[in-house]
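In the two complexes that follow, chain A is the common piece, with chain B as its partner first and chain C second.
And then the complex of A and B:
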């Protein structure tokens, strides 16, 4: 059964295999990048990515730094 | 008498020229006066720097100081709004070309242009004198240096960056927000930002819209309206994100805590080599400064193979598959390589 979450403002349906923030980042293919991740308006420390449990309707914001200018 | 007339002309001009901005209540007459008394440093005059500089010049910020190490090239024209084809043809340093254009846009303000590297020595003096700093650099090495200087002199600075259709900005306020060093775990490794994915011009404008608006708030005493958040967006993907990063302020930060040591100000006096992002170019900055371009040109011209291009700020020539550009402050750009050793060899062969 799919779970619906909101990532950077867009709805995303993910499979039940995706249980934690870390799984989501893997799924999005960005897990190896340095990212600022906000889970329901709480900034997560990197160590918390594996423990933070995703539930239906959760809001995730993912931001990365870039250097260009 | 004549002076009086000039002054009068200036004030009449000013009354009209900032009219729409003065009508905007949060700025008003008082805010406009504050702007005219303000001094802003813009570090980097590429895409972001061009855009911010033009906006602040039009807004009537009393003095702008621009610093940039590069000169105008063809691939800049798609997004670096202050530059023309003529600037490119003349290989004008970006700071010089920007100053010319800005002076034509607003003759009532003062513009200082510095052709050179934003490094600890010269930045330190500049940062201490200004009201705030706009980050328009293209690398984190310079941003971290800027960050420490801004903390040292208690000046706000406004981070901005973009790549592809993605942009990000954050206003660093000493003693209030996290500084860039606090966020260092999130800064990509050197080189990782040398993306070959390009950039579209509108994202530049969107980043500087945020930067310049934050600057106007700070300069006109509207601190209460500052964003306070890390703002990122992707124009192509129609995404806009704001993240409250206050909790990431590090109480033991080496740059902004009580026990600060400013790690990014440690000075390295050796010949400094820098690979320029996505440019197939190495910059060399020797220890000794200032060169007599005329003298170097005379030496080089003994070699009949070398075709020199010169202007008052730099000389440029091609040799083998490289293009070498030497600036008055002693820096050289070696185009056609990303190998620092190779670049040094070319430098020593032709310029020492």
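And then the complex of A and C:
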């Protein structure tokens, strides 16, 4: 059974093995990158990635620093 | 030393990280500029291509203080959210408040900028608002607790230099916190001029990143900021309408 979530504005179906934010980051291949996650409008500190539980319909924003003035 | 909140910098040049031809040139430019403060924007990551390189992976991040901006925010609420996202990186508590109120000129929205500044100061951030060269607004930003004021010299990325030195000098004279001239600098002369007016620092990006040779321009800007600062401290001469000879009048009739 797949779970549907919204990542950076796009719908994404992920397997139910992906339980926490950390699992999602691993799945996307970005876990080692310097990034910041917002989970349902709640900004997560890095330590919370392993505890924050994903459920159907969750909205995830994954952002990072890019060049800017 | 330039002191902004609890931070201290020996370089008075803050450098933006946007629009460089490539990361190698950018890295060299950052090094040559001697800057200690780099600005960044906060954006969605491309999760479909996580292999895309990021400049942060190319530099020793520990050597620099990060000054993320809230560019993209249209109001105070969005600016506060971006600031909090940036802070969650664990990398910085400095924030450049940038709330654009006009898409054509990229001039800031004064009301939302002031509101965001108040909120972020209350949240414990070190707040550096990008503002126009409005003297009253600069004072109100300071009263709101801004740790530095960053008036634009001319529109962002325009390279028009300092179009209102009078207003800038009023802001500098009035301020009790550092004034960092941000936006519009086009050449080393502009950067030196800002410093000569008494600015505490200069923040620039396009003038270096879009120069024909960014690395050389970065170095030129380093010296321009230093020269301008020294000139300011040395105190320039008053302007006179007519000439005054530099060579002595005495003993002028040599050989006649």
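The rule is short, and it goes like this: the second predicted complex is superposed on the first by the 66 of 69 C-alpha atoms of A that agree within 3 Å, B and C clash if a C-alpha of one lies under 4 Å from a C-alpha of the other, contacts with A are read in each partner's own complex, and residues count from 1 in each chain.
Keep in mind that, in the parts below, a residue touches a chain if its C-beta (ideal position, glycine included) is under 8 Å from a C-beta of that chain, and two chains touch if they have at least 3 such contacts.
Nothing here was measured: the structure is a model prediction, and the numbers come from that model.
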* Asked: So, A:46: does it touch chain B (first), chain C (second), both, or neither?
  -> both
* Asked: Touching A:11, do we find chain B (first), chain C (second), both, or neither?
  -> neither
* Mind working out whether A:33 is in touch with chain B, chain C, both or neither, as first, second, both or neither? => both
* To do: Report for A:68: first if it touches chain B alone, second if chain C alone, otherwise both or neither.
  => both
* Residues on chain A lying within both footprints (that of chain B and that of chain C) -> 8-9, 33-36, 38, 43, 46, 61-69
* Which chain A residues qualify as touching chain B in the complex? -> 8-10, 33-36, 38, 41, 43, 46, 61-69
* **Residue ranges of chain C touching chain A (in the complex, touch as defined)** => 16-20, 26, 39-45, 47, 50-51, 54-57, 66, 68-69, 71, 84-86, 88-91, 156-157, 183, 203-206
* Give every residue of chain B touching chain A within the complex, in rising order. => 44, 46-49, 135-140, 143, 160-163, 166-168, 183, 185-188, 193, 195, 199, 230, 232, 234, 237, 239-245, 247-248, 277
* Structure fact -> Per the touch rule, the chain A residues reaching chain C in their complex are 7-9, 28-30, 33-36, 38, 43-46, 61-69
